[in-house]
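These are the structures, in structure tokens.
Two complexes, one shared chain (chain A), two partners (chain B, chain C).
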Partner chain A sequence: MLFLLPAAFFFLLYLVVPIPVSGYYSLFKWDGIGTLNFIQLDNWKRLLSDDVFWLAVSNNFKLVIISIIGQIPIALILAVLLTRKLSGVNFFKTVFFIPMLISSVAVAFLWRYMYDPTFGLINAVLEGIGLESWALSWLGDTGVVFYSIAIAVCWRFIPLYMIIFMAAISGISEQLYEAARIDGASPFQSFWKITLPLLLPTMINAVVLVIVGSLKYFGMVYALSGGGPNHASEVMATYMYTKSFTELRMGYGSTISLSLFLIAFVVSVFFLALTKRSIRD
Partner chain B sequence: MATSNWKSKLSAGLIYLLLLIWLIITGYPLIFMLQNSLKGNIEFYTTPVWSFTSFRVDNYQEVITSGFYWYFINSIIVCTAAVFIIIIAASLASYIIVRVDWQLKHFVYLLFVAGMMIPIHSTLIPVYKLTLSLGLYDTLAGLVGPYVAFSLPVSIFILTGFMREIPREMEEVAFIDGANYYQLFTRIIFPLLKPAIATIAIYNLTLLWNEFAYALVLTSSPEKRILTLGLFEFQSAYGVDIPKTLTALLLSVIPLLIMYIFFQERVIKGMTAGAVKG
Partner chain C sequence: MRKKMIMLGMAFAMFCLLLFSGLALARTTLVVWDIMTESNQYYPAFDAANARFRELYPDVELKHVPIQNDNYKTKLRTAMAADNTPDIFMTWGSAGLKKYVDNNKVYDLTDDLSKEWQARFAPAAMGLGNFDGRQYGLPITNTAVSLLWYRKDMFEKYGLTPPQTFEELLAVGQVLKQNGITPFALANKNKWTGSMYFMYLVDRIGGPGTLQKALNRSGAFNDAPFIEAGQKLQQMVDLGFFPKGVNGLDEDTGQSRALLYADKAAMYLMGSWFVGVVKLENPAIMDKMDFVVFPAVKGGRGNPGNLVGTFGDLYFSISADSEHKEAALNYLKLISDDTMAQELVKAGCIPPLTGSAKYIDDPVLQKVAEIAQRAESVQLWYDQSLPLELTQVHLNTTQALFDKSITPEEAANKMEATAQEYFGK
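Now for the complex of A and B:
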């Protein structure tokens, strides 16, 4: 039993206990240093009518949808292509995985320079091919910034889902494809009739991962835009950080933290239950 | 036969074309980093960003000697310490969960694994407060605790999965010979766990090397910043010198790239195992 102590110590102290403690702090007006002033549910009332918070929540869910549409299909296509036995495929696989090794901060900075309106790569390319009018202030325009960030997020995370799909595809028995070929199925047909149905559980799993991951994005948004301009790219985690550690309103920040936890928790439990059911069916 | 040959050539061509497109999308930003890190500052503003115009390594020299290496050292210290504790804590806990029969073991396992669902950002304020009151604020040691905690769920998940596959016979024989749990663990289980431990070590190293949120909140002075935060420090100091900033970015990626070159399979395996946790 003693063996369990080190893990339990770190786990409880830094991961489990902070959640109820956040709930406790959310009942106070507090700058993080001075005294805690008990204000009952005022923070929660404020949260419900805080437009920026709801904007952040909706941005989080928008990011979920863009990620599902953007990451899963591309990752699946790449995984299918990479599991075909063609020469040189290993080289592609090696390179395709690299974005996962770069920290979200470094990815964010890199994309910042690609998005830069005056000397960035993307506008330079657009001008080079005569599409000056498409050149935008990718991170400065409130209507565009969110999508610019979503693209950078997809760029970094597609490799993760790619390798998950590759592992699942290589687990599918070769004999199935063999049999299908003998029956005269085209590669397209065997993809639709064999690969896709057998990958369904993995795909649902990947979707759950995308959803839970997208609700927690912080580093990349923080380093690309800080949630701005004018909250246009705010997500729950950046809003929570700004309130707590920039404006030092830790009581209200705790309220946002706990709602982030509750939303992530409800969504994960819901989808886990859904996954379990769909796998059983 | 002739048509099917023609067809398969076409489909192979199509596959390579698609792969090539994605190669450009993935690879070009990395080349972009490299080619512009080799330019001088004025050169950067006056030459097209997609061109290789010079191969000066001055930026690399300057970035390394500017004290940027200090962030590397901090990252190495924190990550090594955290991974070391994770290995010990996670393998001990997994042993208790898998091999010792007691009532709550399944519940404890579920509790640890459910920890994967906790968004670390929800813990930031209490962990910040805790770190302050422990006197660990703005120290490298203060980062180790949270790093160990948020790595434990996945590590325990991977290790218990692996441990269930190890046959019990050897332990039973040793047990009859009078070995206690401690000896069983150190002499039999731990050595057999080595491949799984290598996987979690590499998996956690890649995650922790890139960690950002805790480091942002729990440290403040430049000397205590780890690499991801060092990039911010560097950017605010040299922000106008884009080639230099790109040099710093590229340097920050190199350690993991080297590890990836040597342990590609294990890195990918770890990521897959860590991700498919449902």
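Now for the complex of A and C:
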């Protein structure tokens, strides 16, 4: 018990205490430096009618869906392939894990140069194969920018789930596959009947990680577009950052960050409750 | 036994470490924050100054922390809010610095400014660091005015002359466009870059008083010149004068200049620091570059000699709670001395330091200095002359003008609504 104390102390100080403190700050108009002006629930009223905030919320949920659809299946396929005893598999394990090893900002810069409308790799390839009309301005077009960023985010996080699935797959007893083989099951059947069901708890955990991660995501959105142009790629965290640190509206920023916490909390609790029931059934 | 020995050894090492770190703490540590990263055009001058300081004051440990432009502003604000300020910090003077002054975060330099030291600085540049007659920030760099740069060779190739009026500008742009060249290099993710077009159009249409009147509330931010400026801007957008995806391109990573260097764009509305940037990035292209001032608008009230920019760009200040004011003052004296002026000129800067003019031998820089001196009015960048709340709205609405997600009227009305909220009437 005593060993937990240091960890518990820092956990409380840096993760739990800030939540009520943000709640307190959300009742003030405050530039972070000067005096606090008590304005009751004005920040919250403002938030409810703030179009940009709701745009950010919807972008966050879009990111959740794109990440679940984009990251989990690809990570699963890669994990299944890389846990097979093929030659050269170690090389590919390393290669596919690289995106996870590069820092978010560096990854963002890689993508920024690839997305450059005039000099970028993507448009050069599209123009090379005669698809000029597909060569968009990936980060400048308000209709496209969010998806461009979502793809880059998926690219970076697939390896994380790949490693999680690989660990889970290597935990599945070899005897099950042997028995299946003796009974004449095809590799495809043993995937559907053995690997997938046994991976389900791991997948549910992965999905929870994706949901929470996407709801509070900040890094690459900030580095690629800063939430722009014209808020098109705004997510809650970038909006909170802009309000608090660029516009110095700490009170309103606290309001946004507390609502981010509430939304992420409610969604993950709801999802966990839902999946717990379905596993039991 | 062996284990014990190792433990003892480690304990001793730890003891020594603590002792030395204690000694190191006893030395004066002077922390300086600025934007002089290695990719900054003035880095060589500041690097040399830091080396000189370390040599002159061996008992002071100089901790120089350079941070990139846009991140710097955020980092400084956060540090100010958290009372965790460096000894010396840099601002762009004006409203940004005043906010810290109002909250007693900045050391008042007035009494330390001896006559000789005061005389080092160009009086026109001191104003932005001076509030209520007290000096809080000292201008080290530079006369920076926004100018219309163009590629001489490309203009010659298509038989063009630099535009004197807005109509000529439209004609020139269309010729370039027909030849597959983007008229303007611009990266507008950063927003202040696109703001230059807007500020100049407002000045040319309504004259320098337009903004002043809006700010002192005898006018408004939705007065005709602001709307007309927005319309003219969108006229250029409609004609395809700006690069594809302009609002997604990043000035800090040079995505605008890349177009200019690769012969894909012919003009660039940018501050005169561009000279230093080109010298660092692509010296060969400087011979092909020249500039004119922003063209006049027919029937407009602004004198086409008026400029947008500043006489002093970067201001250095000392924090109020710095414990090493003497060392900090020595540092400020060193970065405003004659050697520094010389180094800055070498890096393509027109320093607001007395006597630096004689070092300027670059013809382009000489021309910039002349034009700046002749200008009847130099409008300070909006993002420094406006209060923070209005600055953000100005930057956001202007960026939105570039992708036409807002009309000039909506942009102007939004500005005015924010101004009314801010000024309380």
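Observations
Assume the second predicted complex is superposed on the first by the 262 of 281 C-alpha atoms of A that agree within 3 Å, B and C clash if a C-alpha of one lies under 4 Å from a C-alpha of the other, contacts with A are read in each partner's own complex, and residues count from 1 in each chain.
Just so it is clear, a contact is a pair of C-beta atoms (placed from the backbone, for glycine too) under 8 Å apart; a residue touches a chain by one contact, two chains touch by 3 or more.
Computed from a predicted structure; not experimentally measured.
Once the two complexes are overlaid through chain A, chain B and chain C clash, as defined at the top of the document.
Once the two complexes are laid over each other on the shared chain, residue contacts for A:142 go to chain C alone; chain B is not touched. Of the two partner chains, chain C is the only one touched by A:117; chain B is not.
With both structures placed on the common chain, the touch criterion links A:32 to chain B and to chain C. Which of chain B and chain C touches more residues of chain A is settled by the count: it is B. In the superposed pair of complexes, A:129 makes contact with neither chain B nor chain C. Once the two complexes are laid over each other on the shared chain, residue contacts for A:182 go to neither chain B nor chain C.
Legend: residue contacts after superposition of the two complexes on their common chain; A:225 is shown touching chain C, with no touch to chain B. Contacts of A:250 after superposition: both chain B and chain C are touched.
Touch criterion met: A:109 reaches chain B and chain C at once. Only one of the stretches 60-68, 96-104 or 330-338 in chain C has C-alpha atoms clashing with chain B after the fit on chain A, and that stretch is 60-68. Comparing the two complexes, residues 32, 109, 119, 245, 250 of chain A contact chain B in one case and chain C in the other. Interface residues of chain A, counted against chain B in their complex, comprise 1, 3-4, 6-8, 10-11, 13-19, 21-22, 25, 32, 74, 77-78, 81-82, 84, 86, 88-89, 92, 94-106, 109-111, 113-114, 119-121, 124-125, 128, 155, 159-160, 163-164, 167, 187, 202, 205, 208-209, 212, 215-216, 218-219, 222-223, 236-237, 240-241, 244-245, 250, 253-254, 257-258, 260-261, 264-265, 268, 272, 275. Those residues of chain A lying in contact with chain C across their complex are 31-34, 109, 112, 115-119, 136-142, 145, 225-226, 228-230, 245-248, 250.
Those residues of chain B that touch chain A in the shared complex are 11-12, 15-16, 18-19, 22-23, 25-27, 29-30, 32-33, 36, 44-45, 48-50, 85, 88-90, 92-93, 95-96, 100, 102, 108, 112, 115, 117-130, 145-146, 148-150, 152-153, 156, 181, 185, 206, 209-213, 216-217, 227-229, 231-232, 235, 242, 245-246, 249, 252-253, 256-257, 260, 264, 267-268, 271-272, 275-276, 278. Those residues of chain C whose C-beta lies close enough to touch chain A in the complex are 73-74, 77-78, 80-81, 99-100, 102-103, 105, 188-189, 243-250, 253, 255, 258-259, 262, 264, 388-389, 392, 396, 399-400, 403, 405-406.
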